[in-house]
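Below, chain A partners chain B and then partners chain C, in two separate complexes.
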Partner chain A sequence: MSIQYWRIRDRYYRLIGSRCAECGAEFFPPLYRCRKCGSESIKDKEMPRTGKIMTYTHLHEPLPGFEAQAPLYLAVVKLDNGAKVLTQIVDSPDEAVKTGARVRATIRRALVDGDSGQIVYGFKFVVVN
Partner chain B sequence: MPRSKVYVKSVGMTTVADHWNDSILDLAVEASRGALKGHSKKPDQIIVGNMFSAVGARQEHLGALVATALGLAGIPAFKVEAACSSGGSAFNVGFNLVKWGAIDSALVVGVEKMRDLEPEEVSQALAMAESAEYTQFVGATFAALNGLLARYYMEQLGVTRDELSAIPVIDHANAVAAPHAQFRKAITPEVVSRSSMIADPLRLFDCAPVGDGAAAVLLVNDSAASGTKRKMAEVLGGKISTNDFSIYEREDMLDFKATRLAFKGALQEAGVAPGKLSTLEVHDAFSVVGALSLEAMGYSKRGQGAKDAKAGRYSRGSDLPINTFGGLKARGHPVGATGVYQIAEAYLQLTDQAGKNQVEGAKYAATQNIGGVDTTSAVHVFGRAA
Partner chain C sequence: MHLMQSKNRAAILGYGAYVPYYRLPTTEIARVWKGGGSGPNIEKAVAGVDEDTVTMAIEAARQAVKMSGVESLGAVFVGTESKPYAVKPTSTIVAQALGQHHTLAADLEFACKAGTEAMQVITGLVGSGMIEAGLAIGMDTAQGRPGDDLEYTAASGGAAYVLGKMGKKAVAMIDCSTSFVSDTGDFWRRAHQRYPRHLSRFTGEPAYFYHIENSVNTLFKETGHKPSDFRYAVFHQPNPRFPVEVATRLGFTMEQIKTGLLNPLIGNTYAGSSPIGLAAVLDEAKPGDKILLASFGSGAGSDAFCIEVLDGITRTKGTNTTVRSMMERSTKIDYSTYSKFRDKLGK
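This part shows the complex of A and B:
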């Protein structure tokens, strides 16, 4: 199943989302039609790599395949362009993970594919001081 | 275009439980036989509501499987899937087919087999209702998404832990006298706030349990109902709506748009004002989802859903008692069956068969069945058959 992730590796590595050519709104994950103005003139656009935690959770039992990372922090991050991203928060002290904290994107090992053992990389975010 | 009146003529249910000795087919057949008991005429069609039989029971093609087991092979039969709103969505298909005259009757059966799986396999199966590439990819379970939502709800709108506990408390109180409920035991808010942490701030008792179960209803039009002496409930309106797929794709994460639109549309079709409902089945898969649903349906103002529940506005004896058989938290949530359980419960209320749970003189009832985090919402409105 790794091909499912390989296909969109640019989305994971470089946070490639969408920009509406009509109204300028930006989105992540990418979409086919602008949710703000309805335009279908959508172009790929690299997202800013910094933003703020809107909300977070400390998850004790993540999905199978993520046990070694548990418990882990998940957050909805509002990027500086207004797009929202669901992400893990890593390499940050517990007391730093809070609503409103500034974060930046980094590349980390995301998961190991169950069948092939292939390592899949993706974005995670860290709290910046 | 002429539309037929549509009635729920009869219902059948299994208990929601760990049915170690029953297969997914056993459960579907038991509920279906309950709904078909005493009917000489076979239904024109079977529609099965189910979310993840491929994962939970290595079984697809449920329509023909159930039809064959009931001795009804020959009639059209298929499965409808819309995550946890599979049951409500299957019912909506049956309702529309009968309403617009394509068929005279339909058996809608919701079924889910969850307990054959290990807990982490259940999490995985449920997570398939979310984006494989952007939600499952980061390890997020459904509990995690609802934990994110619960924190946002509490921090942005000033909702407290005890307020959030109110809906699970209502559910458990109502399930005590519900013969088919999974957990027939009353709880206090402290039971919720001291239960183990699942996805901070959500704890075990904020979350609906895992269980097996099936519920079935027989839908008929006027001609198929003629001559019956049974008490029936009339299906007055129904609508399914969708929200932007995942919470992080939504302009306002606290606006349950799917529920808001479906509820408005279903009531409009029914010609029933919101204040006229006698009882309401709310899809509270998580405490926060119950609160936000009540806000989306307009019964509570923004930020007031959990507070109103704590103040007693949705308890038995109030103007709008919710989840009179325990809701998702205490009746249980065999995901693809839940929407049909809700409808069977609305039927019991409107035909005065709710026993100790009866809302006296119940005139109108509605059911709200969500898939995902308000990603799909199926709402139906019922009245007493004239």
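This part shows the complex of A and C:
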């Protein structure tokens, strides 16, 4: 696990994003200034764990480190609070992965650093039957 | 007296299970290694390429914590023999994912009974007043050497339990338990070895049956309970035959064990085996039902529990995905896909 990843592990384990204390807008990933009203009064907020697929692609030639997971679905999911998440869709039959499909968050291995390095865990999503 | 019973009883406040999505029919294993036939079970549950004991433990724990309504856990114990790291706790990753930091955290290992052992330790911590509530998990991605008899049954899955003080939210009371252990070399995995070894038929009489019969008979003797007092019984399930045989020897009927008997469809989830059987029973149980739970861990030992279902069970209905519905949401894979998922190629 890189130190950079360790600093933001709650983002990947718990979907920790941001909520603007001024206007109530919520964002993922976290930010320091509200994208809606400009306020810097920002608090950590655990995002809802359900949402809908906005768009997706089926990758057969993923980036190095993800070969064992190929072919894989990569999607933009709109969470129930409106925040958007770039994520993998797993454990879902091909015919269920489509725009508008309801999904829920799960936690999975994201990257494995060879046989002796650390394992990076993070959120992925599953289509809800 | 050998009975373990806290003056202040602990209770299950919430529980959750996890069964992965993939199923390998045992006919596939037999096709590859024997040219046909099948194993003792129909299928086994297989973790996906990106799953391990950490991810599955977190999934089950999230359900258990949500059902319990508990905000602060004084202990997080993971019982498993398939830790992703030889050195680096599984339990701290689970605790981090749950947002729990002021907590004891440890991984327990006792082959297939590490999950119930975690339940006993947390029962003691709660019963003594040292903690308000704790999390006990039994979870495994069980290993079986390609072509070995174990490969037919070695499966992935398990369950998590939040145990805390008795109260209105209590789902079931941990009334008491017993443990029985001896130095028995029925099944083992040496340091740095990828797969376990076993002594085939020796895993039966001197191991599984001897230890379970001792733990359960001690519980009967010291509580005065008899098999007919229990609505349900759950035994460790290394294969479909052993739990039925030990139940019969102890005086239980098929009716009492069928709800928690999952091996034919998901295999042996090792430290998760008896805990997930208990979860399947709790999915159906009603207030007042008594449950006998008996684990078995090679090496060897057995923990037997007397559990009484309470009124709080009624609030849990519909809150979690049931074990049976997790078992139904599945897809079949072939031996090649299984080999890729469980990293067996060239190993």
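Definition applied: the second predicted complex is superposed on the first by the 125 of 129 C-alpha atoms of A that agree within 3 Å, B and C clash if a C-alpha of one lies under 4 Å from a C-alpha of the other, contacts with A are read in each partner's own complex, and residues count from 1 in each chain.
Everything that follows uses one rule, which is that a residue touches a chain if its C-beta (ideal position, glycine included) is under 8 Å from a C-beta of that chain, and two chains touch if they have at least 3 such contacts.
This one's a predicted model, so the numbers in the text were calculated from it and none came from an experiment.
Asker: Consider chain A as the common anchor and indicate whether chain B and chain C clash or fit when overlaid.
Answerer: fit
Asker: Classify the contacts of A:69 with the two partner chains as first (chain B alone), second (chain C alone), both, or neither.
Answerer: In the superposition, A:69 contacts both chain B and chain C.
Asker: Pick one for A:58: touches chain B only (first), chain C only (second), both, or neither.
Answerer: first
Asker: Pick one for A:96: touches chain B only (first), chain C only (second), both, or neither.
Answerer: Neither partner.
Asker: Which chain, chain B or chain C, ends up touching more residues of chain A in the combined arrangement?
Answerer: The larger set of chain A residues in touch belongs to B.
Asker: Of the two partner chains, chain B (first) and chain C (second), which one does A:86 touch, if any: first, second, both, or neither?
Answerer: Only chain B; A:86 stays clear of chain C.
Asker: For A:29, using the defined touch cut-off, is the partner it touches chain B, chain C, both, or neither? Pick first, second, both or neither.
Answerer: Touch status of A:29: first partner only.
Asker: Calculate the angle at chain A, using C-alpha centres, between the directions toward chain B and chain C; round to the nearest 10 degrees.
Answerer: Once the two structures are overlaid, it is 150 degrees.
Asker: Just to confirm the value: shortest Cα separation between chain B and chain C in the superposed three-chain model, in whole Å.
Answerer: Least C-alpha distance: 12 Å.
Asker: Does any part of chain A touch chain B in one structure and chain C in the other, and if so which residues?
Answerer: The answer is residues 69, 110, 124 of chain A.
Asker: Show me the residue ranges of chain A that touch chain C in the complex, using the header's touch definition.
Answerer: Touch residues, chain A against chain C: 9-10, 13-14, 68-69, 90-91, 93, 106-110, 119, 121, 124, 129.
Asker: Name, in rising order, each residue of chain A that touches chain B in their complex.
Answerer: For chain A paired with chain B, touching residues are 4-5, 8, 11-12, 27, 29, 31, 35, 54-66, 69, 72, 74-76, 84-88, 99, 110-111, 122, 124.
Asker: Quick one: in the complex, what on chain C touches chain A?
Answerer: Within the complex, chain C touches chain A at residues 20-21, 48-52, 54-55, 58-59, 84-85, 93, 96-97, 99, 329, 331, 340.
Asker: Under the definition above, what is the set of chain B residues touching chain A in their complex?
Answerer: That would be residues 119-121, 123-124, 127, 131-141, 143-144, 147-149, 151-152, 155, 197-202, 244, 246-249, 251, 253 of chain B.
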